[in-house]
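There are two complexes below, and they share chain A, which is joined by chain B in the first and by chain C in the second.
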Partner chain A sequence: MNILLCAKQVPDDAVEVSMGADGKPAIDKIDKVVNAFDTYALEMAARFKEAAGEGEITVLCVGPDDAKNGLKNCLAVGGDYAYLASDEAFEGSDMQGIASILKDAIRKIEADKGIAFDIVCTGKEATDMALGQGGILLADKLGTGVITNVIAFDTDENGVSAKQETEEGYRTVAADLPVVLTISKPDYDPRFPKIKAKLAARKKPIEAVAADALSDEGKAAAGEGNAKLKILRSYEPPKKESGVKIQEESDEDSALAAVKMMTEAKVL
Partner chain B sequence: MSYIISEEAQDLLKDVHDFCEKEVKEQCKDYDKSGEWPKEIYDKAIDMQLQSLEIPEEYGGPGLSRVDVAALIEEMAIADAGFAMTISASGLGTKPVLIAGNEEQKQRVCDIIVNGGFGAFALTEPGAGSDAGAGTTTAVRDGDEYVLNGRKCFITNGGIADFYCITAMTDKSKGVKGISMFLVEKGTPGLSAGHEEDKLGIRTSNTTDVVLEDVRVPAENLLGKEGEGFKIAMQTLDQARAWVACVATGIAQRGINEAIAYGKERIQFGKPIIRNQALQFKIADMDIKTETARQMVANALTRMDTGLPYGREAAIAKCYAGDIAMDVASEAIQMFGGYGYSRDYPVEKLLRDAKIFQIFEGTNEVMHIVIANHTIGR
Partner chain C sequence: MNKQDTKGVLVYIETAGGAPVKVSEEILEPARQIAAKSGSDVTAVVIGENIGDAAAQIAEKGADTVIAIDSPDYKDYNLDAYADVLRQVIDDVKPEAVLIGATQDGKDIAPKLAAAFDSASASDVVGIDFDDDGNIIWTMPAYSGNILYDAVIEEARPQIGTIRSGTFKKLEEAPKGSVESRDIKAADDVIKAVIRDSVKEMAESVNLEEAEIIVSGGRGMGTKENFQQVVDLAQLLGGVVGATRPAIEDGWIPRNHQVGQSGKIVAPKLYIACGISGATQHLTGIVNSDYIVAINKDEDAPIFEVANIGIVGDVNKVLPVMFEEIKKIKEEA
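On to the complex of A and B.
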């Protein structure tokens, strides 16, 4: 089974982002990490590979040169090969553009290695922009099915069977291979890298994919000039206002005051 | 932390920090209260191969410099000193073999560590603390075996180790030159862990008596030659002192981290208390001491890596880091005021953890003897 993971490098989501003087999020000084949902996808893929006892995981990232660090981390926790699609022509791409670059990069890797990916995994969204579009757009361009918000999957002779998280609970969705899966948070955490695996990963090559690998369709979609989605303005979400503390003379009075406030607010 | 470390170690430092934040720091609060040895945390640490950091590359280790490893050990100590001591004491248990063992012995113990085991070093006895040569444990040659009898005490990892390096008297008439060192593996008949200490601090480490009752070990488990045990033990401690100093430095750094965080958050007289210059100077003093200790650790370890003598430097590092860990932990409590005295806040534990660093691996009084001997000459 050949699995491809699409991973994005994002600012560490544990750090609060503020707006810079240029009106854009000030993220330059924030450490870059692999998107959390992509790490869940990698862990799920690694567990699948280990249970199957065979298969390979290739990790692909579209991003700047420093995204190599994230890719090396992926190689330390289950990834076998890593590719970085990095080119000035890719900068400023919207999600349609990124999906086109990913598709062309996937086709190039498949052609170069003489393989076909059975499963393409990616996080259900990235923690920086939280668009949740990447996997769906990629599946559309690859011409495969897509199962979103997956928290577990397995394969059999009929294809893939995935446990999908819904607002009400879960459901099982089946699809033919090849397929794109967008992965949500499962009930386990990604593994920590073993020391020696981390040191070995630092020495593994990161293959490059440049703009000359793009098809005409990819060239027409990649880059800021081709982006259909424009960010007009970025702003910080309003600060959460502190709650109202109700502290009357007695518990009964406090309860009555709370009910009165809720009635006035038409909550009840 | 201003260790000068390799790019590889900087990369690993982030992983170890992440691991300690998620799996060690908060979890150890409960284990500090219960005194239980947190096996599940150590299992995760082993899964990450943190126990084998000190193993040389040729025996299956990661091949990091000692200063690289120190940065990682300090990160563990910032999270929990007992956790770091378990890892470090395993390195202590391995050192006699790496110093004096033959190739087979070295590979054997390194394989145990790399495969997830722990080591322990057993020198101290109820009647032989600072006077380490006064031990009464004996080893008597019997054909192709030695038969060991005696009781060791205050042995870190005593109840959980997979192998022990144990000193025993092979010739009482020769005093310390009659002491030998033996490699004894877990499960050897007659070897058992005795009384477990209910300690003031580093409560996530395991400290027990090690009891030897007619323990038969093959003669090839002798490390070095008969009579070299005391020398090997002293060489072991010379190295180990830099490592415990590293852990003590981590305790001090945690004290600084906590004091700064609390100082920014605690409002008195309408402003965060950290805006008072008196407290800023307190933090600066804590930092001066901690960084000085760290650089002394780095100096001793760099000398080890480069083949220079390091006994004096390791003793200075150990003595100084143990003392300043106490000072800095105490000042961290002072920053917290009354809350610092409460077990609901993280700094009182630091003082309890720090105290042992003035005692074990040679008391700080013994360190003064060692340093004076190096400086003045015997």
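On to the complex of A and C.
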């Protein structure tokens, strides 16, 4: 089974982002991490591969040069090969643009290696822009089926069967291979890299995919100039002001004081 | 689609159990705003089986025309089928904008349509406005809601937006529209994924989005037994129970109680946060609450930055006293 994971690097989601003096979100100083949902996808793919006892996981990222660090981390926790699609021509792409770049990169990797990917997986959304569109747009371009919000999947001779999380439970969804899966948070956490795996990952190459891999369709979609959705401005939402803190002699007294204030504020 | 050829707003009405979901009614409000701006109409589309009542209801709630596609074929939701039916309606109606509630399924349909028309979709929209040329300005959250951004889709049509629940209010008064039944089949070759089984795991439905009072518990509750105090207080106040992701992952309460980025975005009159640190993914879901009370033993916990009342103390000591005191007040009233 050949699995391709689309992974993106984002600012650490534990850090609160504020606006910078240049009118853009100040993310330069925040540590970059692999998008949480992509790490869940990688863990799910790695477990699938381990259970099957065969298969390879290729990780593909569209992003700037420093996304290599994220790819190295992926190689330390289950990824076998890594590709970085980085080019000035890709900068400022909207989601349709990114999906086109991913598709062309996937076709190029498949042609170069003489393989075909059976499963393309990615996080259900990224923690920075949280659009939740990438997997669906990519499936459309690849001409495959797509199953979103997946928390478990398996394959058999008929294709793939996936457990799709819903608001009230789950659905079992089946599709032929190849397929695109977008992964939500399963009830386990991604593994931490072992030191040995980390060292080995550092030595593995990260292959480059550049703008010359783009098809005509890809060229027409990639880059800021082709973006259909244009960002005008970013800003911080109005902050909720903090009120009073209560810390009396005892927790019991604090509780009583709080209830008194809540009664006065007529919120009960 | 050519921008010049498009006119009007198309709204996709999602249903559950034969009735429109709440956000589907809410999106008729921005739909009317957009239609008023361009002097055009609002067309709503309902797909399913036995959706006649839902269609009639929407005709009273702000749609000029409701296209009802009622067929056993659409008894169960299927992304590929529903999106293809919508594609055909859009091809016919040629709207300038398509609005969809930002439910899980709605957020899947939107990029499907964006792909079909080589257009663009704005995700999880929390506000709309117009620029001088009458273009829609879509406001969206980024970085767990710490940043908002405005964007336009200048040329690509139809432009698509998924609207976050609670952003708009259902229209109080609306022009009366008409219902038109249509028989539209999804193309044979579009269905690439099939739902074999659909399971409702959560026994009760949890209406966090409309709740006026929410009592939420986090990892600081310590154990499932202690978490019961959160449930008890919610019950006493006639409110709904909320939870953070760790409380859910520890199995203290089912997943449909989750509040935050990957859970529900809530806006109650009163939100009581018990043993919750206030991570941005949680705060993004609660900042529209009118009044927030937080109990945390760490005086530097970020939750206090948004709390009207911050109680610094052990939640397992504070909650029982609070419960008894509020009970007393309720009994006296």
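One rule holds for everything that comes next: the second predicted complex is superposed on the first by the 238 of 268 C-alpha atoms of A that agree within 3 Å, B and C clash if a C-alpha of one lies under 4 Å from a C-alpha of the other, contacts with A are read in each partner's own complex, and residues count from 1 in each chain.
Methods note: a contact is a pair of C-beta atoms (placed from the backbone, for glycine too) under 8 Å apart; a residue touches a chain by one contact, two chains touch by 3 or more.
This structure is a prediction, so every number in the text was calculated from the model and none was measured.
J.: Can A:L71 be said to touch chain B (first), chain C (second), both, or neither?
T.: neither
J.: For A:K141, using the defined touch cut-off, is the partner it touches chain B, chain C, both, or neither? Pick first, second, both or neither.
T.: A:K141: touches chain C, not chain B.
J.: Would you check which partner chain A:K194 touches, where first means chain B only, second means chain C only, and both and neither mean what they say?
T.: first
J.: Would you sort A:L42 into first (chain B), second (chain C), both or neither based on which partner it touches?
T.: A:L42: touches no partner chain.
J.: Comparing chain B against chain C, which has contacts with more of the residues in chain A?
T.: Of chain B and chain C, C contacts more residues of chain A.
J.: Given the touch rule stated above, what does A:I109 touch, chain B (first), chain C (second), both, or neither?
T.: It touches nothing on chain B or chain C.
J.: Please work out whether A:I119 is in contact with chain B alone, chain C alone, both, or neither, and reply first, second, both or neither.
T.: In the superposition, A:I119 contacts neither chain B nor chain C.
J.: According to the stated criteria, A:A152 is in contact with first (chain B), second (chain C), both, or neither; which is it?
T.: Neither partner.
J.: Mind listing the chain A positions that touch chain B in their complex?
T.: Residues 31, 69, 72, 189, 191-196, 198-199, 202.
J.: Inside the complex, what are the residues of chain A that reach chain C?
T.: 11, 13-14, 16-19, 25, 27, 94-96, 127-133, 136-137, 140-141, 144-149, 161, 165-176, 179, 184-185, 187, 228-237, 239-240, 242-247, 250-252, 254-256, 258-259, 261-263, 265, 267-268
J.: Quick one: which bits of chain B touch chain A in the complex? Just the residue numbers, please.
T.: 8, 11-12, 14-15, 18-19, 22-23, 44, 47-50, 52-53, 62-63
J.: Which residues, counting only chain C, touch chain A once they are in their complex?
T.: 79-80, 103-104, 107-108, 110-112, 114-116, 118-124, 137, 140-156, 192-202, 205, 237, 245, 249, 255-256, 261-262, 269-270, 279-281, 287, 290-293, 299, 304-314, 317-319, 321-322, 325-326, 329
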